[in-house]
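Given below, in the form of structure tokens, are the structures.
Here chain A shows up in two complexes: once beside chain B, once beside chain C.
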Partner chain A sequence: MSDHSVEPVGGPIIFNRFTRFLAMFLGLWILILAYRFATGIGTVSGLTDGYPWGIWIAFDVVTGTALACGGYAIAILCYILNKGKYHPLVRPAILTSALGYSMAALAIIIDVGRWWGIWRIPLGGFPDMGHYNWNSALLEVALCVMAYAGVLWIELGPAFLEKWKATSKSPGLIKFAGAGLKFYDKALIWIIALGVLLPTMHQSSLGSLMLLGGHKLHPLWNTGWIPLLFLISCIGMGYAVVVWESAVSSRVFNRQREDSMLISLSGAMVIVLGLFLLLRFADIIISGKFGLMFSSGMLSVMFWIEMALVAIPMLMLIRARDRAKFITIFRASMLIMLAGALYRFDAYIVAFNPGKNWSYFPTTLELLITFGVIGLEIFLYIFIVKRYPILSGTRATQVREIEGRA
Partner chain B sequence: MGWRDERLGVPAGSPRNEGVDRRDFVKVCTMAAAAVGLPASAGLKMAEAAAAGLKPSVIWLHFQECTGCTESLLRTSHPGLAELILDLVSLDYHETLFAAAGYQIEEALHEAMEANAGKYICVVEGAIPTKDGGIYCKIAGRTAIDILQDVGSKAGAVIAIGSCASWGGIPSADPNPTGAVGAPEILEGIPVITLPGCPANPYNFLGTALQYATFGTLPALDDKNRPLFAYGRTIHEHCPRRAHFDAGRFVRQYGDEGHNLGWCLFAMGCKGPETHANCSVADFGEIPGCWPIGIGHPCFGCTEQGVGFHKPMHQEAALPENAVPPIFPDHRSSSTAAAAGVAGLVGGAVIGAGLMASKKLAEGGGEEGSS
Partner chain C sequence: MTMDRRTLLKGAAAAGAGAAVSAATTAEASSVRPTAPPDAVGMLYDATLCIGCQACVTACKTANNMPGNLYDPPKDLDGQTKNIIKLYEEDGEKSYMKQQCMHCIDPGCVNACMIGAFKKREYGIVTWDKDRCIGCRYCQVACPYNIPKFQWDTPVPEIVKCELCNHMLARGEEPGCVQACPKEAVIFGTYEELLADARQRVADHPERYYPAGAPQIFGDTEGGGTQVLYLAGVDFEKLGLPVLGDDGVGVQMRAIQHGIYRGFIAPVALYGILGAVLWRNRRAAAKEGSDE
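After this line comes the complex of A and B, so read on.
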């Protein structure tokens, strides 16, 4: 990774109205978090025993990690399919993934009632060891997400080491960075192998969790293939995020976009989206649920919105002439993200019915906590790309120009 | 009394007295104990107490009543009345059951009171009229108030059997012409165990009396001095038709389909939800199903003061809180309209931002799109 012309964007972190607002909002968010940890989940959230998983899980964790699959999607292409030309996309994608997974971990700490015991999970339940249910999908998700968040930061390690090696004033740190970079030359392939294996495991397990919901989940969503569908859709979402992030960061930081790579990647997306649609419909029809697509009232409507959100970007990208335009890819990528998010929201909340008279809608504070998690992720992204070599081809003078305007 | 001491000494099979041997006697006592919910060991204790001549003396007073409580007590079989009054207790005064009358029976009363002062059980059956100095019920020239105060104040324990003695019963129904009240109101300061019912289930009486006779203790009581073992729950709690109540299947008219199918009688004015008694679990008169709800009639609340003989028969009972079980409890999210607003605003902002970004990109697409 170190052999590319990547450099820090540079400049102040808070550089326009949006970032000023973001900083202020995060200040408020910290107060809300303090309130949540002081008084418990019940006072801030609309969660109940029927809906113990609300927006914090459905969005921050399940949708958040799926959107953080940019690193996964690009790593598959770059290293497994050996498409070296996508390399410049890797670092920003890994960064969004690392941030996305870290925020998911933070969201879990906020969401879990007895959060102070979380550190025991990777220690096998220390000190009361030997009582784990190794068949638990939830345990698998917990261990995988924790491990993958760590792996992503290790994958991103060279970005920090390069910076330290180049600019640090401490000789010890420079020496450490040099040794670290040498280690990466040898070990990176194994780290990346882990980085591909782990999401494959837990992104499908996020689907398994709802498969275990049994009769509580509407049959249109509760199918034997829901783990596979979650896996396929997270690859689509990962790709879409890379497109979106590339477009937005090139615009905001005034940099050259990697259009050609994203355009050639979009061909793969047609296959991914088509596979998702094929499996979803085939599964429903094979298991004799054809009628449910039309007879489930509001849920039928949600189902068809989901299907449309997958089918429309697929049709937008299906012709080579159409997907040659970056704007088409950009629009399609937003629809793909929306499709994946809606699929997860439906599976985790809308199509989930724990029984009569249970209802769920997040409270204002609950929503603000989720927005804060997203806000923090954006803030950290800006901070890291400004300070560490993540993006390629920066034109610093133009960046200053933009900041001046803002 | 003389007959009591003779009987125990007489060998079994004697032609004059159908005396009992020890084995049979212990059996009777154990049966009595079991029937009223006392431990089996109580049976042996009863037998021993009886054999030692320590059978509790019982003085039974009748006032304004129909003798229904006595009549139902006569029909018990575990123990039967004969065993009860001949073997287990010493019934020294009872106007209905005594052959004697007039001066003779008055003498028996006074004798028993003197001999067992402070130890005998005073059972009160019937309400006590208080209007016009209590002149509406007099025995041997004394008013009921006078008799009860005399007999009750010297008793070891006072048991009011039936609703009349407990809180006034039928005689106290509006307009209560005689000013009838229950025994507790006359015997102020003296604890009176009440066994309301019209008539009271005789086993509730036996259980209480035999516990006192055997252990010298009284059962745990509620705030109206009713034994909790019999009056601790409402009829509704153990009603055999409860499932129909929970399912919302109600009889709407006598003889309708629901009535034929044995549905819940709540809508017909059943007072089960506000009436404390054990009718649903202790067969009255030892015949299963032989009680109002058992034969398809609403409970009329005979045991409960202010319900039986006071509330109209078909008036719907007041349901206690949580009487309807929360099979599907309401678990609405604590969210507010403000939250929906925030979600809508932010959702709108995100979609708007997406459209704006798309538009801006389209504008700039000409320059950068092909790069």
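After this line comes the complex of A and C, so read on.
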């Protein structure tokens, strides 16, 4: 069973052409960020008073945290539904979630205009506390995202403590790590419970908050059911990301893939996707918007692409025989991620129409800032799995040999 | 008096009258359509009287210390323009249109704002507080009229919108635009007076206003009502105002948020259930382990 014990991958952080490019790109990214903070948001982005939210919000925050729901989806499955066999997937999923949420927080700091006042939010509108507006879904999202990013790093704590306990030279740190691990033994379930509660709250609120768009948001997306649809969709995306991550990390770090676990996971995906489709269509038909599915021009097309991106992976996975092939699961996962991303882009940008005089398309610098956020996430992921025990089934020495040759 | 305090008072009164839980009542009270505060003031703009001189645009800039002048007039509301006059001319129809904050009775921006930078304060005026704003721009998403403007080209941006010259009202003066208007196309008054005035004009000249015969007073009911009221001879949609139902955007939002989070019972209950399930799972796992 040595293949299922978690251990650091080891080896240098910058080990191939891709990571060298990434490091250089992040250098450039810091310069672009400096420019944004020195001159304002308008100079680097295509944002306007009509489209105040663009890809920084729709992708980095809204899609980013949904893709970071791997930790959420796996925690439900592993700890709540008690399917212990998914355990080797937990740590990598929590790590990508922790990174995803931290990057979303970073993107928010880049996006908001008066970022130096953000600290007022966790402190309740300091100096006069108690000015929270509980009618604002965005407030709930902000508080939950901040809290959940913290909870995820705490959930990941044992990975760091184990490493320090095993390899640190400082006796103080070893003692601290030992005590910390004992604490986790007792408290982890309450932390995990929080780690399931918080995403349930804010992933749904990420949908509700667009309801304030009112007449500007197209009726196919503007529905009282949007919180539930966002919630179901993020669970699907969480599963898909775990599949994807397992496939990619097994290839890049030459480790065993969790095939059998992923195959049984994808059975649950069929239910999640089916539920999403059912609710989406039921809502549209019940609220008398049937005709809008066909008469909304470009938005009708977007709607049907969204539906196809959910229906196709569902059909791909519906038969147990098809699910048995990893390549099928992998392809279906890609479609599920696309479906969730498109649903969010549509709800935040494409189906949002402030009036005929407004248009939005991201500028190059705006895109580069988003790419930098993703790049930093990848860079930190590589750093952490190489130094700390996250992945299982790695063949660490073999990896180092391959890298030595490269 | 702020909105939330009023809602709280309503809740408290209901509790005093014998309702069981005041928190629940508050939630209910806030999910219904609010009415204008008793001290509400506003403006009435009659597009049929406006001659498009733009004196109000300049006066607004002077009153609010905003840069810009009539030799280089702004084309739209922006980070340094709180009031604008636009011209609509198409198919033989012509009308001027004044744009500024509508001072909604149930404002999208106030519903959106996380820590109360946007508040409905004295006289029902919707104000913005620089010291609370973090520049998230949710107010811009939430405003049905696209009124709040963001300063895009500065590292220390502010949100800019009409605050009904509340600094001038405080010393007994009318708003800058109202003072400047040579034709009384825009007038200032209490909400009740203005509404009565608008109804009188509509009754006296039903043929002059849109739609002829049964004219519409924009802001009477639209989007939950606004303290700035409009009369025009042309379809309001053509003049850039949206078609809205009788509820503000906040009504549906509050119904959902308060439904899910009433008394914070659901999240606490879910947390308890999750914890209990985890605890049971772990005990079962430990038992299995010791049996082996």
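We take it that the second predicted complex is superposed on the first by the 398 of 406 C-alpha atoms of A that agree within 3 Å, B and C clash if a C-alpha of one lies under 4 Å from a C-alpha of the other, contacts with A are read in each partner's own complex, and residues count from 1 in each chain.
Simple rule for what comes next: a contact is a pair of C-beta atoms (placed from the backbone, for glycine too) under 8 Å apart; a residue touches a chain by one contact, two chains touch by 3 or more.
Since we're looking at a predicted model, the values are computed, not measured.
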{"item": "Side-by-side fit of chain B and chain C on chain A, or clash", "value": "clash"}
{"item": "Most chain A residues touched (candidates chain B, chain C)", "value": "C"}
{"item": "First, second, both or neither for A:Glu366, with chain B first and chain C second", "value": "first"}
{"item": "Partner chain in contact with A:Ser295 - chain B first, chain C second, else both or neither", "value": "neither"}
{"item": "Touched partner set for A:Gly355, first chain B, second chain C, both or neither", "value": "both"}
{"item": "Which superposed partner A:Arg251 touches (first chain B, second chain C, both, neither)", "value": "first"}
{"item": "Contacts of A:Thr167 with chain B and chain C, given as first, second, both or neither", "value": "neither"}
{"item": "Partner chain(s) touched by A:Ile327 [first = chain B, second = chain C, both, neither]", "value": "first"}
{"item": "Which of chain B and chain C A:Ser287 touches, first, second, both or neither", "value": "neither"}
{"item": "Touching partner for A:Leu212 - first (chain B), second (chain C), both, neither", "value": "second"}
{"item": "First, second, both or neither for A:Trp53, with chain B first and chain C second", "value": "second"}
{"item": "Clash with chain B, by chain C stretch, listed 8-16, 26-34, 62-70 or 80-88", "value": "80-88"}
{"item": "Touching both chain C and chain B, counted on chain A across the two superposed complexes", "value": "47-50, 355, 357-358"}
{"item": "Contact footprint of chain C on chain A as seen in their complex", "value": "37-43, 47-50, 52-53, 79-80, 82, 84, 108, 111-115, 117-118, 120-121, 124-125, 131-140, 142, 189-190, 192-194, 196-197, 200-201, 204, 208-216, 224, 227, 352, 354-355, 357-358"}
{"item": "Chain B residues touching chain A - in the complex, by the definition given at the top", "value": "328-336, 338-340, 342-343, 346, 354, 357-358, 360-362, 364-365, 368-371"}
{"item": "In the complex with chain A, residue positions of chain C that touch it", "value": "4, 30, 76-78, 108, 110-116, 131-138, 140-142, 144, 146, 148-158, 223, 240, 242-244, 249-250, 252-257, 260-261, 267, 270-271, 274-275, 277-279, 281-282, 284-285"}
{"item": "Residues of chain A touching chain B in the complex", "value": "45-51, 247-248, 250-251, 256-257, 259, 325-327, 330-331, 334, 355-364, 366-368, 371"}
